[in-house]
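For reference, chains read A, B, C and D in written order, and residue numbers begin at 1 within each chain.
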Amino acid sequence: MQAQDYSLKEMMAIMAAREIKNGDIVFAGTGISMLAAAAAKNINAPECVIFFETGAIDSAIEELPLSVGDPRVMYGSASNAGLLEAFATMQNRITGDKVIAILGAAQIDRYGNLNTTAIGDYHQPDIRFSGSGGGCDVASFVPRCIAFMQHEKRKFVEKLDYLTSPGQLQGGGSREAAGLRPGGVNVVITNMAVMRIDSESGEMYLDRYYPGVTPEIILDNMQFSVDVSKAKQAKPPTETELTTLRQKCDPQRLILG
Amino acid sequence: MQAQDYSLKEMMAIMAAREIKNGDIVFAGTGISMLAAAAAKNINAPECVIFFETGAIDSAIEELPLSVGDPRVMYGSASNAGLLEAFATMQNRITGDKVIAILGAAQIDRYGNLNTTAIGDYHQPDIRFSGSGGGCDVASFVPRCIAFMQHEKRKFVEKLDYLTSPGQLQGGGSREAAGLRPGGVNVVITNMAVMRIDSESGEMYLDRYYPGVTPEIILDNMQFSVDVSKAKQAKPPTETELTTLRQKCDPQRLILG
Amino acid sequence: MDKENSKVMTVETAVKRFMNDGSHISIGGFTLNRNPMAAVYEIIRQRFKNLHLYAHSNGTGVDELIGAGCVGKLEIAYAGNGKTAATCIRFRKAVQEGTLKVEDYSNFMMSLRFLAGAMGVPFMPTLSGFGSEIITAWGFSKEMRQADPEIPDDKLVIIDNPFGMKQDASKVLLVPAINPDVTFIHVQKADTMGTCRIDGLTFADVEQAKASKHVVVTCEELVEPDALREFPERNQIPFLHVSAVCHVPYGAYPTAVYHHYDYDAVYLRAYAAAAKDDDKFLTFQKKYLYGVPNHQGLLNLAGQERLKAIKADARTGYAVNMKRG
Amino acid sequence: MDKENSKVMTVETAVKRFMNDGSHISIGGFTLNRNPMAAVYEIIRQRFKNLHLYAHSNGTGVDELIGAGCVGKLEIAYAGNGKTAATCIRFRKAVQEGTLKVEDYSNFMMSLRFLAGAMGVPFMPTLSGFGSEIITAWGFSKEMRQADPEIPDDKLVIIDNPFGMKQDASKVLLVPAINPDVTFIHVQKADTMGTCRIDGLTFADVEQAKASKHVVVTCEELVEPDALREFPERNQIPFLHVSAVCHVPYGAYPTAVYHHYDYDAVYLRAYAAAAKDDDKFLTFQKKYLYGVPNHQGLLNLAGQERLKAIKADARTGYAVNMKRG
C-alpha cells in the first residue's frame, strides 16, 4: 500500500534511506541527510552505523542534530574522537570501502562533480558558500556517495563555477587518472527524481522519476541533457516508511518542517 | 662537604642530574637514566618534567620503573597517551627544544654517534642488541642528549659497527648537511669521566675526570684520543645529593644494587 | 610554580599578553560547539587588526571576528553555522566585497595541517582532493605567498607515490603544516598548570593546541593538578603546550559545551538576523560586545532565563527538548 | 547482531579463523606491558609458521613467538624486556644464527608506519634518522622486497622538503605504511561489538588496530555495549575495526595490565634463564605452552599465590612493593 500524502522532503529522505544497506557505515551531514540516515537506521538497515565527520560513531540520536558539531551527536556514541579519526576511517580502505556518504551542493554537473564554494569568479564571487567542509574529502575517499539536490537549471549546470568535490571529473576514467580511487557521487536524489552515474561512462542518467513528474519536466530543469531511456517511475514511501520517518526520526519536525 | 663513600653508579647518576635544569623536559629511559632523572627532580631541578617515550608525562614515580612500559610510569601522570605523542613532543620544535634526553649505547664514537644495534656485520652479527628503540629518534630531534657509557676500549670505538643514533656524524657540519637539526649527544657520562662534544668541531673532549682517575687512564680506555687540555677533576656527590638519591630515588635499590 | 610564572590569568590579560596585530591565530571548536567565545569577544574588544586566522569548521567564532573587522587573511574549510546560517553571513559578505583574503582547504586538509604542525613536520600526506579546484585555485597568489615568510610558498604539493602503487595511490597530496602564534580553546576542565580535559568530541582542538607557539585555554572548571591525575587517559592536552589558563564559566556561550550547556538558538538567530545588515550588525556588536566590559556582561544581557533554558541535561549532556527550530 | 555474526569467540577460534601460515601480523603492548600473551601462546600452540611480524618494542610476546619458531620475518624497533633481558634472548640467538630475517626501524618510525596504515596513506613523514644506518642498511634486500608484493620495494625514501625550509627541514624521511592481516591486542575492557577501552598508556595499539584487516581483541572484562557508552571519549578503538572479541582474564600474563595486575617477575626471570639454552628453552615451552590446553592451564601452573602477588593495588594500578629486583 502506498501513502498518497507525503511531502517532497519525505520522498527524498526515503529514496536516500533505501540506498543504505545493512552493514553500511553511513557518513551523515546535517539537515535532510541526517534525516535520511536516521530513516535507514529505523526502517530498512537497522544494523547500519551512522557516523559524523566530527568523530562520533554510532551515536544515540534521540533528537536530530542541527550540525555535525551539535552535542546531540556526542551522546551515547561508541567513540567520541575528532576530525582526523573520522576522515581516516574513510581514507583507510579497510573501513572506507564500507562507507556510504550523503552530501549536498549548490551545483552539480553531469559527472557528479560538486560545487559548494562559490558562484561566479572564485576570487570575487557573486555568491560565496560555506566551502568544502568535509565534502571534498568524502567525495575523494568514499566509494558510494548520495547527493541531495533541488532540481533547478542553475544547480544542474553544464560547467561548475568551482569544482569543490570530485565526482567522475571529465568522465571516461579521468577520475582514476587524476589520482583518485573509484568513488564519488553515484546517486543524485532530487525533489523530482533519482539520477545515477553510469559506472562505464561516468555520466549521469535518469533512473527514477517521482509520481506527477515526467522525464521531460526533469530535463527542462537541467542545463545538460541526460539519458532517460532507462527511467521508470519511483515507488513512493509506504505508510510504514512515512510513519517511522515522522514519528521516530523527526518528531520535532526540525527538518520536515 | 663531600661524601667519600659513594659508588660509581651514584657518581654517574649525580653527574647526569646536574646537567638537568629547572624547566627542562627530561626524556628518560630505563635503569640509571631514570634514576638520574629522578635525582634531578628531587635535588636540583624540582620543576623539570620527566616524560617517557611510551607517552606518560610528569608521572608520579613512587617506585622506579624497570621499563618505560612499566605500569609505574602510568600512575599519577598529567597525561597517558602513546608513542606517537611522545615522539611528536620531541620532533615539534616548540616543545622539543626544551627537551634534554638520556641515552645509553653499546658503542660510541668521537662524534657522539651511537650503536645500539649490532657488533660485527649487521646482516650476520656477532652480537645483536635490542636495536634503536626510540634512540635514533631522540638523537635526531633533541638538542641536548646525555649518553651513559662504561669507559672501555670496545665501547669508545674508532668506527661504529652500526650507526643507530646520529650524533655529529662525521663532524664539521655534517649533521646539518645530512638533514638533521642541531642536537644529538653533547655530554657523555661514564664510570670515569664527563666528556663533552665541542659545538664547533663536533668532536669529543674530556671535561671532568672523577677523583682517583687520571686523563691518561681515561685515554687508555678508548680506541680514539681526545683533547684533555681543558680537563679538571669532577666534584663528587655531596652528602645531600647522595642521601636524596638513596632515600628518595631508589629506596628499593633496584638500580643502585 | 611561583606566582609570576603562574599560567592562571584573566582572559583580558591573556589576550593582551599573547596577541599582536597581524598575529597568526586559530580557535578551537566546531560550528556551534565549544568555540572559545569569551576569548573571541575579548580579541574584538581589544580591537586587534589584520589577523591571519586558521580554521576548519569554526562557525560563530570565525564570523564574529570577521564581522568585527579583525581578520585580514583566513584559511578555512567551512564557514557555516548550523540552521541559522548555512553560510556564515559576515564571512560571505566580506568575501563577496573583497575585504577578506581567503584560502580554501577541506576539513581533513586543515586538520592534517594542524597535525603536521603538532608533529613538527613540514607536511602531512593525503589522497584527498585530486581534480578539485581546491588544488588549482589559490586564494593566496604565489607572489603573495613568496612575499610572506610566515606562510609556505605553495598552497599544496602533489608528488608521485614514492612507494609504487601502495594504498592504490598513484599520487599523494602534501598539505603544509600550520604553527599558529596563538591558539584559543575552551574546555570543560583545566588545571592550574594548563593540562586540559575535554568531554565529548575534541574536533581538531588537540592538534591545534599542540601546533601552536602559545595556547590560551578558557575553561568551565579550573581545578588543582591532582584533580586530573586519577584518569590521565582523559587529559588530551598536557600542560607542556599551554601558556595561559583562564577560568571563564560559560566561556563558549553562545556555543555549546557538552555536559554544561547547549548553544543559545535565540542569540544565534538574533545574530543571524542582525548580520544580514551592516547597520543592524554594528548595533548588535555595540550592544553585546563593545557595550559590556567582559564576558560576564554578555551573560548578564542574555539573562538567567536563557542560561537556564540551555542548561545541559545530566543524562544526555545537552538541553533536551530545547526550542531550536 | 545475530549469533553467527557475533564477534565474541574463544581465542582458540579467533586464532584459527584469522591466521594462516605466512600471515602478516602485529601484536600490541610494550616490552612487559599488555602484550596479548593468551593469543601469542595460542598462535604457538597452533604451530603457525613463517609469520611476518611487525613490532615496535614488544618484548615478551615477540620473543616467545621467535623462540617457538613461528616467525620468518620481523620488522622491529626494539627487542628488549626490562631488567630480565636487555636484549630479548631468543631474538638475539635467532638473528646471530641467521634463522630470522630482521628489518630495523626506530620506535617512532614503526609507530608512524602503523599510523600511515591506519590513515590509509602510503607513508608518513618524519625528520628522524638522517645519517643513521637504519636508512642505509637494509635487512630485507631490494631483490627480496621486489619479489614480495606484500612489502614495499623500498625500506625508506628520502625527499627534499617540498615546502622549502619550513620546520627547518631540508629533507624529509618517508616511512612506508603497514597494514597487517591480523593484529592482536589485549585491553582492560571490550564490549561484545568490539569497542575497546584501554586504561593507562595505549602505546601504539590504536594505530596497530586501525591499520589491520582483522583485529582480535582479548580483554580482562567483556561488557555489553551500553556499559561503554557513558564515556565514549575513553573508547580508543571503535567496533568498526574489530573482528573478534575474546574474554580472557589474565590474558596478558606474564606481562602487566594497568589496574589489573603487574608483570610476573618470577615467570620472566625463569623464562630468561631457560631462554639462554636451547634444551632448557624447549623444556620450558613444553611445560608452560604445549603442555597446557589453553591460557587457563598456564595460569594454573603459575598458581594462586603468584597471581595474588602481582594483583594491582587499587590506588596506583600496580603491585606496590612487589619483589622485582
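The working rule: a contact is a pair of C-beta atoms (placed from the backbone, for glycine too) under 8 Å apart; a residue touches a chain by one contact, two chains touch by 3 or more.
It should be emphasised that the depicted structure is a prediction, and the values quoted were computed from it without experimental measurement.
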What's the overlap between the neighbours of subunit B and those of subunit C?
D
Report the inter-chain centroid distance for subunit C and subunit D in whole angstrom, where each centroid is the mean of the CA atoms.
38
How many angstrom between the C-alpha centroids of subunit D and subunit B?
28
Between the Cα centroids of subunit A and subunit D the separation in whole angstrom comes to 40
Among subunit A residues, those touching two or more other chains are 56, 74, 76, 80, 84, 91, 93, 141
By the touch definition above, subunit D meets two or more other chains at residues 120-121, 126-127, 167, 169, 200, 233
Take each protein chain as a node, join two nodes whenever their chains touch, and name the resulting shape: line, ring, star, complete or other.
other
By the touch definition up top, name every chain pair that qualifies.
A-C, A-D, B-C, B-D, C-D
Going by the contact rule at the top, pick out the subunit A residues touching subunit C in the complex.
30-31, 53-56, 62-63, 66-76, 80-84, 87, 91, 93, 113, 117-118, 122-137, 140-141, 162-166, 169, 174-175, 178-181, 252-254
Within the complex, which stretch of subunit C touches subunit A?
29-33, 56-57, 59, 76-83, 86-88, 91-92, 95-96, 98, 104-109, 111-112, 115, 126-134, 137, 139, 158, 167-171, 173, 200-207, 256, 258, 262-263, 312, 316-318, 320-321, 324-325
For the complex, which residues does subunit D have touching subunit A?
1, 117-121, 179, 193, 195, 210-213, 225, 228-229, 232-233, 235-241
Listed in rising order, subunit C residues that touch subunit D in their complex are 116, 120-127, 152-154, 157, 159, 161-164, 166-167, 169, 172, 174, 176-177, 198-200, 233-234
Residues on subunit B engaged by subunit C in the complex (per definition of touch)
25, 47, 49, 56-58, 60, 74, 76-80, 84, 88-96, 98, 141
